[in-house]
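Taking it in order: structure first as structure tokens, then the write-up.
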């Protein structure tokens, strides 16, 4: 018993000896964002911003020296976490309705809610797929055995994908072979790794991996993905939070957002 | 009177309602299996809680349902020798024997353990584990363990039934000797009449949860006072 | 290669396992030895975290320790901030997910210890606590250690509930499991592979040690 307890203690101590803060990440677009001492602001973002916001945050840190930690997930999950006290400073949602809900509950900073982009759906396929689908109709063909979309309950892009499939009348045929990704980045990975032959994902993630085949989905088939951002009311760093949002929406941030296929407000 | 026990306990379909008073020396509880002898021992030791009754050992009241007295087993100073020895398999012989001597210093404990092992004639097996010992050896260790804290009373539940015939005879002799040396009162549950004759000075006859008869061994054997007692003794080969 | 997630995973799993041992072993003993009203309900509650989908478990934990609950508010008054999105929340998530494994294995271990040994110990004058430490636990040791192994493995692999209640914040609450997930999400598959390999090696080593520990004793 003594032996066991001392081994457990060793494990804990060993764990404690590991660095308690992450090391600086190399400055490449797809690298993880470096973390920082406690003045870092915590940005929770929808997974469709996986590549765009990582690049933006790295650039922001490089040019201003201010620290940003970004954590990605499904918009719905993030909203629930914030409702239950998650100590975030900024929330980039993939659907403004989730933010409207939080605003009603008084959890957002006054007048900080803002539209930052409109997202686009694309059809993409795995390199191992039998052929490259170009229309929603193509997805019904039997050679494509698994079609990936994000979970419509928690991910706005999943909800929009289902809408589009229903509007074009193919949902019933496709539903049996649909696989759900937990969020849009995970959905994209399902296709990239060949576990799904094709999928409907965000344009922004498809553009994150150069050479990925994609076709835009007709915008009339789904309600626009109006993506909004806000400062969380209980933030301890309201000024830094707003500054980062302004950066993303400003002349430094817009080119990068456009690069990843986002349509920007006012354009 | 060294042990006065009155035990009333309902166990499923079967009720134990036994009362006897035993003097100094070795007293045998004799009767067929399932007649309530083991339940009586367990009640005296504090391992069984009677519905009603009274237990007194050497003038000390251990249980009284009237007076709401129920001394916990660990404070009763009653030793117990089980049929299956029940030596702690993960402890060596010395640790087993010394288990009830926690209140002594290490030196005192070692000395007492050594003398007890001498008494049961096993001084060389001190460092062994119970798994390495024969049945007879294990029972000796169990006896030493039970005697170690100098209890006021020793209860033995068919202690030699699981031991081979040769070892059994030897153990009986040793038990008689130990009783003489220590003067400790003992209650011995058995259904071996030869054992009763050899060891017990007082005999309590059990049948169907009741005490049929009690008295000095020779008297009870010579003059059973009920039909059941007669049948019991005859069946056992009296 | 960033070693923070591995260090965090070791700390979290170590603490969760220790907590499970301190809470789970006595609970297992009570369940093994005593009958009391509500015993069956308690058993079901203990198994519940094992059968709930991890994200559901995480959601319930989130509500339980979040701002909107009395527990969460209590923690907030003590610590100045809610437990959500802290390493402590990761320990809680791992603990809740893993303790059932320990309790079940330890309970089985205790149940196969013949109560006659405890009875003998009582007649020899020892206290209940002393009997538990010197007789019951050593005799149930195999079961307890098996439970500890499962508990540790489950803790270090904990993901769904951790994600919900501790978040996936690099450098703060991102355990190795979450880091692997992150790497896969971002397409960094070589990093994911490496992390997964190291995590597996550490877990295997810990389990080996625990297996050795379980072999102590000669019964």
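Every chain is named by a letter (A, B and C) in the order it is written, and numbering of its residues begins at 1.
We adopt the following convention: a residue touches a chain if its C-beta (ideal position, glycine included) is under 8 Å from a C-beta of that chain, and two chains touch if they have at least 3 such contacts.
If you're wondering where the values come from, they're calculated on a predicted model, not measured in any experiment.
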Chain contact topology (line, ring, star, complete or other): line
Core chain by centroid distance, with centroids computed from Cα atoms only: C
Dominant chain pairing [most C-beta pairs in contact]: A-C
Chain of greatest Cα-centre distance to subunit C: B
Whole-Å gap separating subunit B and subunit C, where each centre is the average of the chain's CA atoms: 46
Gap in Å, rounded to a whole number, between the CA centres of subunit B and subunit A: 76
Mean-CA-position distance for subunit C and subunit A (Å): 31
Residues of subunit C whose C-beta touches two or more other chains: 138
Residues of subunit B that touch subunit C when the two form their complex: 45-47, 72-80, 82, 84, 86, 88-90, 99-100, 102-103, 129, 131, 145-146, 148-149
Residues of subunit C defined as touching subunit B within the complex: 114, 116-117, 119-127, 130, 134-135, 138-139, 217-219
Residues of subunit C defined as touching subunit A within the complex: 2-4, 6-15, 17-18, 21, 59, 62-63, 66-68, 72, 76, 81-82, 84-85, 137-138, 141, 145, 148, 163-164, 167-172, 182, 184-189, 206, 209-210, 213, 216
Subunit C-touching residues of subunit A, taken from the complex the two chains share: 1, 3-4, 7-8, 11-12, 14-23, 25, 30, 32-36, 42, 44, 47, 50-51, 54, 69, 71-73, 77, 80-81, 83-88, 183, 185-186, 189, 192-193, 208-209
